[in-house]
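The data blocks that follow each hold one structure.
Presented sequentially are two complexes of chain A, the first with chain B as partner and the second with chain C.
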Partner chain A sequence: MSEPVLSIRDLRVYFNIRAGTVRAVDGVDLDIEEGEKLGLVGESGSGKTTTALAIMRMIKPPGEIAGGTVTLDGRDLISLTEPEMRAVRGNDVAMVPQAAMNALNPVRRIRSQMVDGLRDHGVNESRERLQERLNTLMAQVGLNSNVLNLFPHELSGGMKQRVTIAMAISHKPRLILADEPTSALDVVVQRQVMETLEDVRAEIGAAVILVGHDMGLMAQFADRIGVMYAGKLVELATVQQIFANPRHPYTRLLISSLPDTAGKRKLQGIPGLPPSLLAVPPGCPFMPRCPEAMPICGEEIPQLLGDPDLVSCHLHSEVVAA
Partner chain B sequence: MTATAGMTSATSNNGASTASLLELRNVTQIFSSGPIWNREHNYAVNDVSFTLDKKPALITAVAGESGSGKTTLGRIMLGFQRPTLGQVLYMGNDVNRMNSGERKQYRRQVQAIFQDPFSVYNPFYKVDHIFTVAIARFNLAQSRDEARHLIEEAISGVGLRPSETLGRYPHQLSGGQRQRVMVARSLLLKPQIIIADEPVSMVDASLRATILETIRTLNHELGIAILYITHDLTTAYQVADNILIMYRGHVVEAGDVEHVINDPQHPYTRLLVQSIPMPDPNRRWIDMRGANDPPFTGIDVTQTMCPFVNRCPDAIESCIRDVPESYALDQTRIAKCFLHEHSGAVSDQNIASFFNIRDAQASHVDAP
Partner chain C sequence: MFLLVVWLATTVIFFLPRIASDRNPVRERLVMMAATGNLATGMEKVVEAYEREYGLDQPLYLQYVRYLSSVLRGDLNVSLINYPTRVWDMIKQRMPYTLGLVGISVLVAFALGSLSGATLAWPGAPRWLKGALPVFLTLSPIPYFMLALLLMFVFAVRHQWQPDWWPLLPLAGATSVTAVYDGWDIERVLDTIKHSILPALSIILSQIGFWALGMRGMMVTTAGEDYVTLAQMRGLRPGRVFGLYGMRNATLPQLTSLALAMSLIFSGVILVEVIYRYPGMGTLLYNAIAGFDYFVIYGVVLVLIVMVAASTFILDIAYPFIDPRVRRGA
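Right after this comes the complex of A and B.
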């Protein structure tokens, strides 16, 4: 099998606050293959966005990467110096932010913001070549090149999100991190933006990590899905497997809580709340809410096991052990 | 027009439509902007008539993209916004001409649940505050104990434990809990109508189901009529009995939610339904790239055209000449589209007259 593009081992991100240490990401292992589309889902506070930010090394104090490795094409990003990491951002890993309106500078035209991104990463070309490059990028995301002359407020939400996609692909990165790129958009526009993202991804052959909590969007886009809960990855499997045969009780409850349009039924949420990350109880973090909890769940943290689909649940540990 | 409308309101007060709680009569809301010599008029709501009834009390969804006017419609029904044209009647009384006593009743009976469960709270007060203010304002309790009892009852009614909720500050509760506390506040006032504007769009999927189920229970068991404003057609389908699809202020399609979503007739509804990200990897979006461009793409849409003409793949000549009327496709469905002109224009402007009435199996017990 080929080397994964990105390999995360035992990643831990802690926030040291007055009340103690918040273990936002606590021992995540993850491999992403070349050109793969991975969905990272979980409720707010599960650590999905923090994981993505840690890959970019953009965790701000009081947060810190407390341990683990993030290897991109054989290079450990955690041990890079800040200037070295700066060269990686944008060139090798790029981010499509959640709120495009906040990601763009309101008082500068799209052109100058895009030129900044190019120049900052060593593109030193003539005006004409640069213009050509910008026109190509705009065409790739389905925008007219006169959008370059506009200010962000003159664009619709979908157009702004396309601009951020154009910025993200401008250096043909190996990996694109998209953090809920369409959560502020309407369904029709959402679909168009996701199709654009898929088109450009296929064109440059990048892998994508799509972070979000919209399982519908994940089903539409992802090849594999990683489910996070309380800072840990609890299940990692193909999208088909996750929806047809979810193995972790949390994933199962999450899938069954989703509304669809094939007949009305009683909507069932997941009772209870995720544990405080300041003091995660011993054992499985989902145990207090789990309808299938057993005595062992309160004592021992289940390992993420299986091949190739992974799950961390004592209900499934014997299958792997056998 | 205003004069006659005033008279009809008086007559309906005397009987005719006693079942109707809240009625919109040809409501139009125009937002104007720009300098006076070059005024732009944006029709946020364009000639909408419909009613929320008491018997039976139904759940009606209003769906559409941002800017479609769905939130404005809700604000008009809540009395936060005085429409440019038309009337809003509560129990037959024009809400913009009520005296203070009537208005207070209306305010109590028509409650709101908003999208953002963070900004509706004052962070300096404990969550109890939103209950105690309401109790004091409407004299709901004679003593502290009675007030406490009412609050606990309301909180239990939405599936929260009073001991874990009361006495806390908003930041100590999760988003889902805060949103349910807002539902509990509405419940405390025992309203006739709840207008919920995107109540679950900022809440996690696992809690979304619980909140929607709570809203459904309020309707089924307490007989509270609910207007559910959303952009999410899957939750609208699960929760609502009927649905209005809005586009640029027009109700372009309306009727029984089962039919509208699973057999959409207006091209805009069709586009919306096709864009739903279904939580099923075997039902992915159909590739529509490369499909024919809409025939009138790029046209400047004016008030005398179908509002959807520039995006409509099925547009015909009529669509740029005139605004389509609402045509009745069957007993429980209307569509504002020339493709259905042969069905004949509706005689009754009231959209609710095309609603499917759910079997009133659920007992309409009044709250104790």
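Right after this comes the complex of A and C.
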């Protein structure tokens, strides 16, 4: 395999609050290949968004990146100075935000906001060239150029999200982070926006990390899916593998909790709550809720093992080792 | 709306001093003149003549109608004490001083306060600024006139504890007593500025904390907005995010507060002017109240009300231009 675009090793993001240290992301390893679409799923607080923010180095106090490396195209982002990192943001790694409703500055026209990004990444062109560039970007995300003259409150939710996608691709980034980009949209628009995202992604050949908890959306969009639980990656496999043969009990429960439109199965949840990240019990963090827990699960943290599909569960550690 | 405010205020101002007291300014004036030997005989007759001329002998409601109609014609009548100076001429002469003082001190206080408040809410605020805020907050509940007296004591009066280099600023007035000017040459301008420093400072110092506190609160909210976060994630320059994405939005409610605070600012300025004997409309009003010069009181208050209402009105009209969301039919 070729050199991955993004390589995360032992990433740890801690929030130091009065009650103690919250280990929001605790030792995540992840490789993303060129042009790959990776879905990152997990319930609220599992660390999926925090992982995305950490890649951008946008963790705000009291949070901090406590350790690990994030390597983008062979360059360690964690060791960059803040001005160097600023040049990377939006240029090499771009973000398509959650809740596009408020993601645009309400008092400035779309054009000015898009030009801000171009200018601050060193694009110094004539008015005409700039306009041409903006027209192309708008066309790429399926918007009329007139939208450039409007204010955010004059756009629909879907249009706003398209604008944020246009912003994200302005510099042909290597990696796009999409944090639940469609959670505020209705399903029809959701599908259109996702198709747009996929189209422009394919056009510029960027890799995408799609963060979310909509398993259906993930199945349609992603190549591989990473399942996060309590700040750790518990399973990482191809979409086919995850849905056909989920190995981690949490993944299994996650998939069986999806509504079944064909049968008459009752909608099921996963009983219990994820552990407090302030004091994660020893052993496997999922053990208290796991239907298949074994004595060893309370003592030893399972390692993320396997090739190429990874899982961290004692049920599978022997199989993999053998 | 604007006109309604002005009319209501005019009406209240007309009746208030007349109901509150039955002093007769003309008579008082004449008594004083008589006491100094300028006018000895036929006082009653003169009073009557005056009263007839200004309609002061008529019922109050008729006086009101008469006054209102003259105001509508743009006539503010004549001062009773400084007869026959027209009230409008007295105001005209003093208006530039008041407008200058209010304008400069409000702009400086608003700009400095908002800027420092915004900086304080942003990560990486300089330490000296963090130390300055409590000082300004301590100053802000002190009334303008107290602050004016304090500044006067420290900067306009020579004390034992002051070192030699201590700057002494003028105690009162708008120009030096000894200076005689005709026309506005550079020397007079400089002299006037020098005389305005302390009055302006009394207003600025007590206002900065107010604006800084308001701005800090707004900026903290704005800093947490999604569009600020996205601007940062798009790798925009910190200065641009701070100014065009942060302050630009946080200033909007500040401008509303400014519009609402205009009347307070004006009333503060009036007191400050009196303390520094600054020849603005505040001093004029103070003297008019002391001498019970109705028409001057009415005139000054009316012009002040128009000024406050106009500044509020201007901010109101300007608002849609700075916030596109309140633009109609956009």
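Criterion: the second predicted complex is superposed on the first by the 321 of 322 C-alpha atoms of A that agree within 3 Å, B and C clash if a C-alpha of one lies under 4 Å from a C-alpha of the other, contacts with A are read in each partner's own complex, and residues count from 1 in each chain.
We adopt the following convention: a residue touches a chain if its C-beta (ideal position, glycine included) is under 8 Å from a C-beta of that chain, and two chains touch if they have at least 3 such contacts.
None of the values given here were measured: they were computed from a predicted structure.
S.K.: Clash or fit: what happens to chain B and chain C when chain A is overlaid?
M.R.: Superposition check on chain A shows chain B and chain C fit without a clash.
S.K.: Applying the touch criterion given at the start, work out whether A:107 contacts chain B, chain C, both or neither, answering first, second, both or neither.
M.R.: The second partner, chain C, only.
S.K.: How many degrees, to the nearest 10, separate the directions from chain A's C-alpha centre towards those of chain B and chain C?
M.R.: The vertex angle at chain A equals 80 degrees.
S.K.: Now for A:95: first (chain B), second (chain C), both, or neither, which partner does it touch?
M.R.: Touch partner of A:95: chain C, not chain B.
S.K.: Between chain B (first) and chain C (second), which does A:43 come into contact with in this model arrangement: first, second, both, or neither?
M.R.: After superposition on chain A, A:43 lies in contact with chain B alone.
S.K.: Is A:258 in contact with chain B, with chain C, with both, or with neither (first, second, both, neither)?
M.R.: In the superposition, A:258 contacts chain B only.
S.K.: Could you tell me if A:16 is touching chain B, chain C, both of them or neither one (first, second, both, neither)?
M.R.: The answer is neither, since A:16 touches no partner chain.
S.K.: Considering only the touch criterion stated at the top, classify A:191 as touching first (chain B), second (chain C), both, or neither.
M.R.: It touches chain B, and chain C stays clear.
S.K.: With the two complexes superposed on chain A, say which partner A:266 touches: chain B (first), chain C (second), both, or neither.
M.R.: Once the two structures are laid over each other on A, A:266 reaches chain B alone.
S.K.: With the two complexes overlaid on chain A, what is the closest approach of chain B to chain C, counting only CA atoms, in Å?
M.R.: Superposition on chain A places chain B and chain C at a least C-alpha distance of 9 Å.
S.K.: Once the two structures are superposed, pull the chain A residues common to the chain B and chain C interfaces.
M.R.: No residue sits in both footprints.
S.K.: Which chain A residues qualify as touching chain B in the complex?
M.R.: Interface residues on chain A, with respect to chain B: 43-44, 157, 186-191, 195, 213-220, 239-240, 243, 253-255, 257-261, 264-271, 273.
S.K.: Given the complex with chain A, which residues does chain C contribute to the contact?
M.R.: Listed in rising order, the residues of chain C that touch chain A are 123, 225-227, 229-238, 240, 244-245, 248-249, 252, 322-325, 330.
S.K.: Show me the residue ranges of chain B that touch chain A in the complex, using the header's touch definition.
M.R.: 65-66, 174-175, 177, 204-213, 216, 231-235, 237-239, 258, 261-262, 271-273, 275-285, 289
S.K.: Note which residues of chain A are touching chain C in the complex, please.
M.R.: Residue positions touching the partner: 56, 58, 60-61, 86-91, 94-95, 97, 99, 101-108, 116-117, 120-121, 151, 153-154, 164, 167.
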